[in-house]
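Structure, as structure tokens:
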Amino acid sequence: MDFSSDTSAPAHPAVIEAIGWANTGMAASYGGDDITARLREELARVLETDDFDFWMVASGTASNALALSVLCPPTGSILCHEEAHIERDERGAPEFFTGGGKLSLLPGPGAKIDAAALGAALANIDEAFVHETPAKVLSLTNLTESGCVYYPGEIARFAELAKAKGLAVHLDGARLANALVTCGATPAEMTWKAGVDAVCLGLTKAGAIGCELIILFGDTRAKFEELKARAKRAGHMPAKMRFMAAQAEAMLAGGLWLKLARQSNDAAGALAEGLVRIGGELVQPVEGNEVFVRLPDDIAAALRAKGAKFYPWPGGAYRFVCNWTTRASDVEALLKAL
Amino acid sequence: MDFSSDTSAPAHPAVIEAIGWANTGMAASYGGDDITARLREELARVLETDDFDFWMVASGTASNALALSVLCPPTGSILCHEEAHIERDERGAPEFFTGGGKLSLLPGPGAKIDAAALGAALANIDEAFVHETPAKVLSLTNLTESGCVYYPGEIARFAELAKAKGLAVHLDGARLANALVTCGATPAEMTWKAGVDAVCLGLTKAGAIGCELIILFGDTRAKFEELKARAKRAGHMPAKMRFMAAQAEAMLAGGLWLKLARQSNDAAGALAEGLVRIGGELVQPVEGNEVFVRLPDDIAAALRAKGAKFYPWPGGAYRFVCNWTTRASDVEALLKAL
Amino acid sequence: MDFSSDTSAPAHPAVIEAIGWANTGMAASYGGDDITARLREELARVLETDDFDFWMVASGTASNALALSVLCPPTGSILCHEEAHIERDERGAPEFFTGGGKLSLLPGPGAKIDAAALGAALANIDEAFVHETPAKVLSLTNLTESGCVYYPGEIARFAELAKAKGLAVHLDGARLANALVTCGATPAEMTWKAGVDAVCLGLTKAGAIGCELIILFGDTRAKFEELKARAKRAGHMPAKMRFMAAQAEAMLAGGLWLKLARQSNDAAGALAEGLVRIGGELVQPVEGNEVFVRLPDDIAAALRAKGAKFYPWPGGAYRFVCNWTTRASDVEALLKAL
Amino acid sequence: MDFSSDTSAPAHPAVIEAIGWANTGMAASYGGDDITARLREELARVLETDDFDFWMVASGTASNALALSVLCPPTGSILCHEEAHIERDERGAPEFFTGGGKLSLLPGPGAKIDAAALGAALANIDEAFVHETPAKVLSLTNLTESGCVYYPGEIARFAELAKAKGLAVHLDGARLANALVTCGATPAEMTWKAGVDAVCLGLTKAGAIGCELIILFGDTRAKFEELKARAKRAGHMPAKMRFMAAQAEAMLAGGLWLKLARQSNDAAGALAEGLVRIGGELVQPVEGNEVFVRLPDDIAAALRAKGAKFYPWPGGAYRFVCNWTTRASDVEALLKAL
């Protein structure tokens, strides 16, 4: 079984089918097509509001970096966790897209920002002191890089603090579906109702081929034309956008993205339980589709001998990622075989 | 009939099928999959060499800007035609990706660079004069923005001049298939054999969903790791790359991309002939799948009344673009109906 | 005699003295000192308004690029003459400081923008067409790169056209004093009264060591904090700013900058007259301190033999630049000696 | 007495005089003058080598950012202390000049990088893993932001570790003179002999008006033309460079910069001793011209009442900076008066 990454999974058949259906006749390029129009209506239902604009890109890095580039000026900084994907795994994309903005790193367990550290960082901002780079954005990740969730109430509290100091709030939701399922929250509760200005809603890990939505809410919509211009100059305005819209539509229809996230979360739960049973020690709570676990060497070797794929993680543990194709029953069978 | 753009066309069924076939089981992300490996072999056959590296992106703008960013330093400039896509239609992407490099514009009919102007620009380079931005790259477009071709011999001549002054040679081949068909040239003759260091080989307009290949040849391969790093930080390293490789494989297999380009070129030929017959005046030679034509107002109106879609072009003419779905017989029927 | 450049001239003794006077005791860094405060008052008198903010930098390139960076977003372009200093002689500084903005070049004799070309460029702007880079700034240079002047009425007319399309107006005034003297205009008439939003008022060529003022007027003052932040991150916030303020104060006091500009203009007038007399042919009208002239080879050689220094200029002419130390009587003596 | 900053101090009279002497007749612009040529010879003596190139800029931020921009590509990162000036006080200049490079922060007392943390960071570099930003430069600051010194042996050890992993070594020497005096080291021992590739040798705080030298050694000289091009496009190539060279020459002549640094170090020593005597508690060892000290509130108030100026510092202490005009005897008089 392959627990290396949820991006190694195939796409859900509904996504492939939707691409086939989209492939009929001529259609306006660059988002002017019917499917994109229909997607907007679906999104309005999913988000329980019409007060939004959105753009589609093929990678999470593009999604985050573009969103941040309209929220943070080149002379500003972005508060984020020191293990955030935007800091660790995007090769400087936020710095590139913002034109040289900075990331200001905050600590906290589970890759969740520590409230006191956030408070101190916010208190420290001095716009009038030209030598230092003032924070302009708070970026949260849900699921975090350690597979933990922020509940809507936590996001709302952090957003409130940030906004009191004039910061915009960005949510990196590459695994938002997994977080929603765990929290039992609606997309609306997790985003605009909690004070999020821009969410990067990921569908690729959830089961699309490559489709991430950048969604701007409320006042931040004033930045939408700039977002499009920046998307264009970054090469993130592919001509035949109907095929991206088709993916998103297929994933959102009937809550497929949430159903698939639940499957992968369930598989992760079963996996965690089983790994603990055979001597593993969880180093993070399992709140989504990822398991971070310390394993005795012989157990790790035995799992690999049975064909399991998984990566070591900084700090001496292993990361196991379940995806929408991972079945809890297969996980149990694997573990029983040990 | 819709002559608005070849990017409004659907994808070829073989591309859709290939995506379906690619959707089986887990596969390594970021280009580590089997299809990408197979594609490399196919490309070696198509290019008649193994001395290349390649990357895939979803848009022509990304393709050009990334290629240029490894060829041109931020303190250098890129020689290109004043109507080149990279100057006119990419919203400053080359400037963004190069970190502030400049474009230096050259004139010439048919959006082809005038040889004398190129010679003068090259003669003018003075690396020692720090105040001016020295040209570091020559960028050619084939088909040009006016639908004209450079023959391999022309490219070779320009490349030789450029290289004598230390410039790298970039070829924007968003419509390379159309040019190849017209010239009766092989991809090798049009690229590395002619001195091209980096080609952006477009498959999207030719019939893919969204797939453009950046190919580095020979010594320029030394820049490949930098290219990948820049692709990553620009968000152009989508996780599930197998689906992009599948598109490319389907398009290249059996020369499908060339076959489809021939169809669209043929349709354009028929269209041009027909439009001239009914009073149109060609403003550019028709050497690919595009027709630039001045039309009497009543004729233009009558075409639109029959359902034809086409755009006005700067300078008072109209642009008609044929795509792989445009059949010469349909074009003839339309014109006969007038 | 050295006609190579007005930047090869020494500083006026009053500037040196002012630096000496400024060198007393401790003073707040970064512009918080008394001399900078006094300079603001002097500037208010010179500019006949208090509705401005200003910053000081040591080079014209820094001055232009910083000013442009608060007027033009990375997704916008700057309309300027194709021979403008910002295009030809600043090594891509505007592209660098704006984060990848473009320059859009306009033709016109005397390095003055042609009104019809400006009109066409402005008419062409289509904000809604995301693929093209819309112009956001009109940049004028006075004196132009060919030593010609814009009269305040011309600037006002161009500014009005530009503002009707939402553009900001920038004036590169590296040789503003020379232009003012020729036009008999006040600084106010040439800048804010004519619709200029930001002027780079040069004092270095006029006789300072290195001091250029960036002045923002009216609504553009809202960008002043951003300007300072950008100055800081570009290294253009030297600690001991009192010494720069002292230079500016010395140059402005009693209209010294204008007096010196008149001297250099007068010398250029005498030089032009003399060069024509001995067979030269002016290729530009002499409207400031520069003479662009075609010379018979033997005359050029004879001048050089007499110790005159001057540079060839693109197009086959020579450029002679007079500076504040060039005396008309010396010029006449030199020419008589031929 | 004003202990707010060494940048609030005046320039040394020898610097002012040198500017006066430099102000004679015409001189080639942009560093082509005689004084700059003479300065090179003086520098060769000071540095005990001829294997270097140098450039002059007016601010420390410009100096660091330019040096770093030729050492670190946009896809790389710079290892530095988490309190380094380049991280805290330069408003994102390194990110701007490198085109979006990152800073990777390391801890350590006294704002000196902890050796174990450096070792771990170096061990962590994985060039092949495209998602993470590999470190390309180690940047050290001497004096550190906490007024502590690195001895040449420490620099050599860190440089050796860094170079073993292919990193370049940058030394921010805004207060290098103070460090040299404390260590009893020569400039050569502290820089190229210790493995430093590029040093920013500061003269402004030491007593100049505004003059910082960027010096490239050995193989790094290959980057000198790029450095100049970047200086030009950043506006750091002021025309009348002779006046900057004159400052440097005056400061270096006869070791004036070191003599003045010794004075300020001595004053800081006296100050530290006195402050401890009256109840202060040093929070950093005093190894240069800065004193970081915790003071009882009544003592701080009494000092202020006597006219002393000093700033609070993050962490609850105060920073006192002595400069070349601060006399140890005055410091003692002040403290005795309490």
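First chain written, first letter: the chains are A, B, C and D, and each begins at residue 1.
Operating definition for what follows: a contact is a pair of C-beta atoms (placed from the backbone, for glycine too) under 8 Å apart; a residue touches a chain by one contact, two chains touch by 3 or more.
Keep in mind that what you see is a predicted model, and the values were worked out from it rather than measured.
K.L.:
Based on which chains touch which, give the shortest step count from chain A to chain C.
P.N.:
Step count on the best path from chain A to chain C: 1.
K.L.:
Hey, which pair has more contacts between C-betas, B-D or C-D?
P.N.:
Between B-D and C-D, the larger count of C-beta pairs in contact belongs to C-D.
K.L.:
I'd like the Å distance between the centres of chain A and chain D, where a centre is the mean of that chain's Cα atoms.
P.N.:
Inter-chain centre distance comes to 42 Å.
K.L.:
I'd like to verify one number: the distance from the centre of chain C to the centre of chain D, where each centre is the average of its C-alpha atoms, in whole angstrom.
P.N.:
Going by mean C-alpha positions, chain C sits 34 Å from chain D.
K.L.:
So how far apart, in whole Å, are chain B and chain D when each is placed at the average of its C-alpha atoms?
P.N.:
Comparing mean C-alpha positions, chain D is 50 Å from chain B.
K.L.:
Got the chain B residues that touch at least 2 other chains?
P.N.:
74-75, 90-92, 96, 99-100, 130-131, 229, 232-233, 237
K.L.:
Take each protein chain as a node, join two nodes whenever their chains touch, and name the resulting shape: line, ring, star, complete or other.
P.N.:
The chain contacts form a complete graph, every chain touching every other.
K.L.:
Applying the document's contact rule, which stretches of chain B touch chain C when the two form their complex?
P.N.:
74-75, 77, 88-92, 95-96, 99-103, 105, 130-133
K.L.:
Hey, which residues of chain B end up touching chain D in the complex?
P.N.:
The contact residues of chain B facing chain D are 30, 73-75, 99-100, 127, 130-131, 225-226, 228-230, 232-233, 237.
K.L.:
Under the stated contact criterion, what part of chain C meets chain D in this complex?
P.N.:
Residue positions touching the partner: 2, 4-5, 7-11, 13, 16, 19-20, 23-29, 57-63, 65-66, 90-93, 96, 204-205, 209-210, 229, 232-240, 243, 325.
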